[in-house]
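Next up: some structures, all given as structure tokens.
Paired with chain B in one complex and with chain C in the other, chain A is shared by the two complexes that follow.
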Partner chain A sequence: MTVGATLETPSERASYLRAGYSLRSWLTTTDHKRIAVLYLYAITAFFFIGGIAAALIRLDLATPGGDLLSNEGYNRAFTLHGVVMVWFFLIPSIPATFGNFLIPLMIGAQDLAFPRINLASWYLYVLAGLFTLYALIAGGVDTGWTFYTPLSTLFANGYVAAALLAVIIVGFSSIFTGMNFIVTVHKLRCPGMTWSRLPLFVWSLYATAMILVLATPVLTMLLILVCIERLSGIGIFNPDLGGDPLLYQHLFWFYSHPAVYIMVLPAFGVLSELVTAAARKRIFGYWFIAYSSVAIAVIGFLVWGHHMFVAGESTYASAVFSFLSIAVAVPSGIKVYNWIATLYKGSISLDPAFLFAMGFIGLFVIGGLTGLMLAMLAVDVHVHDTYFVVAHFHYIMVGGAVTAFFGALHFWWPKITGRMYNITWGRITAALIFLGFNLTFFPQFILGYLGMPRRYHVYPPEFQVLHVLSSAGASILAVGYLLPLIYLLYSLRHGQPAGSNPWGATGLEWTVPSPPPKQNFAEMPVVTRPPYDYPIRDPMSRE
Partner chain B sequence: MNGSLQLWPQQASGHAAQLDTFIMAFTVFVALLVIPVGVLVFVFAVKYRRGKTVDRQHAPNRKVWLEVSWSVVPFLAALGFYVWSTSLFFELRNPPSDTLDIFIVAKQWMWKAQHPGGQREIDELHIPVGQPVRLVMNSQDVIHSFYVPALRVKQDVVPGRVSSLWFKADKPGVYWMTCAEFCGTDHSVMGGRFYVQTADEYAAWLSSSGVDQSLAASGEVLFRKYGCSGCHAASSAVHAPDLAGLYGRAVALTSGETVIADEQYIQDSILLPQKQIAAGYEPIMPTFKNILRDDEVIQLVAYIKSLRPASWRVK
Partner chain C sequence: MSDQPAAHSPYAEPAQQREADLLGMYIFLVTEIMLFGGFLTAVYVVRVLHPEEASSAAKHLNLWLGSLNTAVLLTSSLAMALAVQLSREGKLRATSAWLCLTVVLGLVFLAIKSVEYYQEYAEGLMPLSDGMRPLSKPGEQLFFNFYLVGTGLHALHLTIGIILVSGLTRRVAHSETPLPRRAVTVEIVGLYWHLVDVVWVFIYPIFYLAR
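Up next is the complex of A and B:
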């Protein structure tokens, strides 16, 4: 490291980061880039809160007797883990940070369409986070993140209403963000940025925004109904008062299944950027990938019943939901094969971002295909509510969405901060996360098929070996997640200046200085070339 | 039970064996899809790594036939598995007519069972081998889920609904039964032993569990005690539906619907009589919701199920 690296570069002096130093200038900002940074701080905090709960869970499961936590304590730990990770990390993760930062830059705009609403969404997120922390500190919640009735309305102790309120509020934050993205993509594209030139990251966030806007209100209404039943005793889901607990499950999964695509569609978008930049090659089958995002968003609304095969849903409804769940796997499969075809004859760099992308592809394929197994009715009857399901959705949400988040972080960090981090440490981290993840969650597929139910902390001793393996993997995973905190923060002061385009990638965001100036573009960009228009190389060149 | 590593669950039924065959075949299918992805990512990353001299000319940007085929071929193969698994599922949902019906009540945090002969047990269930068994299940509080991994079956037990589950265990032994749906504080200790016994062992267990009368006989006593017979007897002056041969029959309702009189219908008619009114009758029956205990409801349902048209006339 040279002395010069620690000095401010000219582009840093003119950047959004230097547009004001006071706390007030950050807390009242309407700059999409600053709001993205605010979100990055907030979701990182919640990622570690949820992670601590996960660590307690894995530690407790190392012995079959559940010796670390009480039954009640264990139930509170996994409820906290689920609520925090789903609503306060996964759902806002890529959209609210990278989507916020990159959409205007990628489409040649100065900001999102509604900058103040963008800031309001962050404040709602923080307010909801405070309610969650209150519920946690006041004593916790033991309903599971699913809040199934009548457990949540009539039987659960704890601060259920505070937690419900937190989720209701954070839902409005999602709706604001989604609405902002849709309007921005429609109205603020610069001249020449046609729909066929839109980066696939923007396509996938556009599809995500549609789901955010259409699905989240269902959750909001549902949880308000749960609050009403819990607080005032009006019968909505209570069978003794003529209600139906399954009504709750239908409405909950009508939101919560599409919510899985809220988490994973942005990850797909990240992958399309990472793979093309790593291979320095045009994407294979642009329209197949763009439309598959839209297809996933649409079909994703029609598969909620696969969460209820053993809940009391009719046989024929189950058969239809099983079929539709198999159908939704097709557009996801298309994307994976298209990324691989993109690598063919590319010029592939093994930078950290691409190692994360490779990890994503492997983990997502396993997660997706075990999802196909779960869509098979007879299989689900056996493994529903077991560790098989736990392993499956962690492969999608952690192996998929979180790995893509880290890939995005390593790819766009130089753009956001203007500094390069240590590439070697990035590669080590990508490898640790991949290995730690598989060691943590692969044994859980076997546990699930053996019949180990989820949300159990006392279990038969013959399952212990697999649980210990899983806990050992979790400790490796924890190291993998903590390392970037060190070398990325170190890079802020001591990293080399990144330059505007350290990876040699296409895309408008790489044409502006790093970090970008407050107004993004000095003058309105005009797009004349297709996306991922990497130069055709001389076959014998040694790049 | 011991602490050694277990990698495959016990099989206690023909269905378990069929499902295991399915899952193995499906795993092969999944491997055929996963392995090429992993191998190609790795091979391309090595072969086309940046800085290596290699032919990179004529890289395709799209090939519609290729994209369509890698979408459609795995989908069609998956549909084959869909037909297979759905047929297994339909078998699980269509019990044979000669089942042994055992009543289950789930509550925080125990499983209570009542056999047709009146024998009761808690957190244990004894069933005869080779005999189709149907569990008729109610929950008193939250949602529970009856799960025996060795049989590869589970069924949620939702309050307000009568849930049923049938199976035929083929291998005598002691297995784990448990609750699969999160049901509150002691969820992870809500379970017990599931005994599959030979016919002789089962008969011995039944007789050793010492009861003087069957469920239906207890129900008949209750039927008189609570005054049901006052209206529902054939000789009664009150115009009330005839219960003889009711079970399994189609019943026309005042709403115009027709329902099959199953355990759900009979139980609802006792506890929620206004929910479904039989056509041609006044809605005058009072509810017995806060009068009958849950085991008494089961006994009454068992009695009404047992009423064949002929037996009614004799009595």
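Up next is the complex of A and C:
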């Protein structure tokens, strides 16, 4: 089995990975670390399913005639891409994997507060995933990921109910995860781990969990209503009965705008860890970063109306939502300034995780500033439902959240697996993803400004140059996303043992062996020092 | 389960676990409030959009049975509250007796609700019933559909509650939930029961009373 592999280290023999080898020991585990690994498998699978849909979309858009897919097929491709990427990758991505793995380690706990509910949430995720796969194999859904009524209830042809059920079920998975995180952070911090010593990653996940718990049930209720109307024909939003499609949009975006912050707040948390470890310097403005996460969670609940500026909302409501949407950029801006101030005069090491972090800051700033443009009523009326919007939210979600996910993967991979991957390949990947991403999505800003509407696959020939640029960028991006699959998996067998603290970072998770033992801590840790207490006096070397 | 390591508890002491269990339940109740909150918002919007139709449709509901059901459900919450108090004092038989009454009252509620649904079906109010349709205006049928979905979801929650409390009664009676050490279990199930009750306290006026 292990020919040519690096020999097993003592810490690996005692680790959570070796506590039972059978499939059953994995599928019945209540260990937060193993559940995190289960999630990592599951979301990786869905990332590639969503990615294949994206590849089909970009391939189809390379020619103005829409030669690859039929109109129906194109609708189904972008709906699948949206549903899978939003609910089956982005929302669970960082919380369910790194949050699950790291929160107990970071706060000095043995596990999350409710280990069995944690496992149940994974099973719900998988069950929901099966519903999605059924909807996909049976013939797909063509409503767009937003399931707008009355299209979704009265007119759409695809397997809408299966997709709705999938999203309802995965919502319960989110709710359980959020509940678990909140209780864990409140009740399971080790002695000395005060709120002012909480790692900022935990702060951001705490804010995320608040959104998960408060916003998701509204979506659950809404989609249950749509499901009832779709399956039984009982009118709920049907305009013939006096139902109000705009009501659907209000309730939908009451969840789905905060959902953007479910995706990006954990990324902020990752950034705070990555930037500080790379700069080897105490973080600048700890409380500003911690409270800005909370502020984003709160204000994020009050901006949903900016999705309906042209949908029939009153001008007065639009003006208020416009103001609040601009206001929510302030705490995000605070974070970016703090990260940059942390780097100032730091002794920065250009590790792959840091390169991903820099990529994140660049892409997130572009995504955030175009978000401000879209928050302005006058601009939004012009570019609403164009590629400008598509480019904006991909800069936040892919350029931001996915890049941070890869940064987290490269930062904590040695902790999760105990093995070091090839640093050079990590750097190449970070550069490829940054370049590929910009080439894919920057042309879409221009396309949108010129008037290319979203969700169309037949377009005037003069847009073809920009579309081809975008598709070419997507192929580079695809290579960037596939490469880690190779060198990270290679490191499992052939990587050098990482040691407990390969990056010389602070934080309790780096005090335990890599990979961590099943019980996390041999004895209850006691925290006596402030967070991010750099420089470490005796940094462990990379050997 | 041979090769599965024993599940380890993340808690250092029982008091910590009790607090965590309670907090977990409170957070779950928050999600339920948001769930029904979203729904009641939608009902409110329908009432604002169609004030005349909503009130004429509400007049078709059986106010007497609805009020009787409100009384039944509030009384069941009283029984539940007494059970929680008695479980803290370790009174095993009294606790299971009051839990039993809670279940019975829950079942009575569902029975009365079924009678109501049957009457509404016979009257032609249900979206799928045949014959004469007294709800002719668009907003009226919409309001009734919301009533049907809202009370249906509430009945679903109540059914889950009845199953939970029945199981708890059995566990308490067989000392599988030791009292008063694990009285928090009774309290947690009780919190859920009260929430289902409180949801009805909102459903009742918005559908039955405002006519």
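We adopt the following convention: the second predicted complex is superposed on the first by the 530 of 543 C-alpha atoms of A that agree within 3 Å, B and C clash if a C-alpha of one lies under 4 Å from a C-alpha of the other, contacts with A are read in each partner's own complex, and residues count from 1 in each chain.
To be clear about the criterion, contacts are C-beta pairs under 8 Å (C-beta built on N, C-alpha and C of every residue); 3 or more make two chains touch, one makes a residue touch a chain.
All figures in this text were calculated on a predicted structure; none of them were measured in a lab.
Of the two partner chains, chain C is the only one touched by A:L251; chain B is not. Residue contacts after overlaying the shared chain place A:P115 against chain C, while chain B stays out of touching range.
Of the two partner chains, chain B and chain C are each touched by A:D240. In the superposition on chain A, contact is made by A:I228 with chain C only, not with chain B.
Legend: residue contacts after superposition of the two complexes on their common chain; A:T28 is shown touching chain C, with no touch to chain B.
More residues of chain A are in touch with B than with the other of chain B and chain C. Contact with neither chain B nor chain C is seen for A:T528 once the two complexes are overlaid on the shared chain.
Taken together, the two complexes place residues 240, 244 of chain A in contact with chain B and also with chain C. Against chain B, the residues of chain A that register as touching in their complex are 66, 71-72, 74-75, 142, 144, 146, 148, 150-151, 154-156, 239-240, 244-246, 279-288, 310-312, 315, 318-319, 322-323, 326-327, 329-331, 333-334, 336-338, 340-341, 343-350, 354, 358, 361-362, 365-366, 369-370, 372-373, 376-379, 381-382, 384-386, 446, 449-451, 453-466, 537, 539-540, 542-543. The residues of chain B lying in touch with chain A in their complex are 1-9, 19, 22-23, 26, 30, 33-34, 37-38, 40-41, 44-45, 48-53, 55-63, 66-67, 70-71, 74-75, 78-79, 81-82, 85-86, 88-90, 92-93, 108, 141-143, 145, 147, 149-150, 152-156, 158-161, 163, 176, 178-189. For chain C in complex with chain A, the touching residues are 1, 3-5, 7-12, 16, 19-20, 23-24, 27-28, 30-32, 34-39, 41-42, 45-46, 49-50, 53, 127-128, 138-139, 141-142, 145-146, 148-149, 153.
Chain A contributes residues 19-22, 24-25, 28-30, 104, 109-117, 175, 178-180, 182-184, 186-188, 213-218, 220-222, 224-225, 228, 232-236, 238, 240-244, 247, 251, 254, 518-519, 524 to its touches with chain C in the complex.
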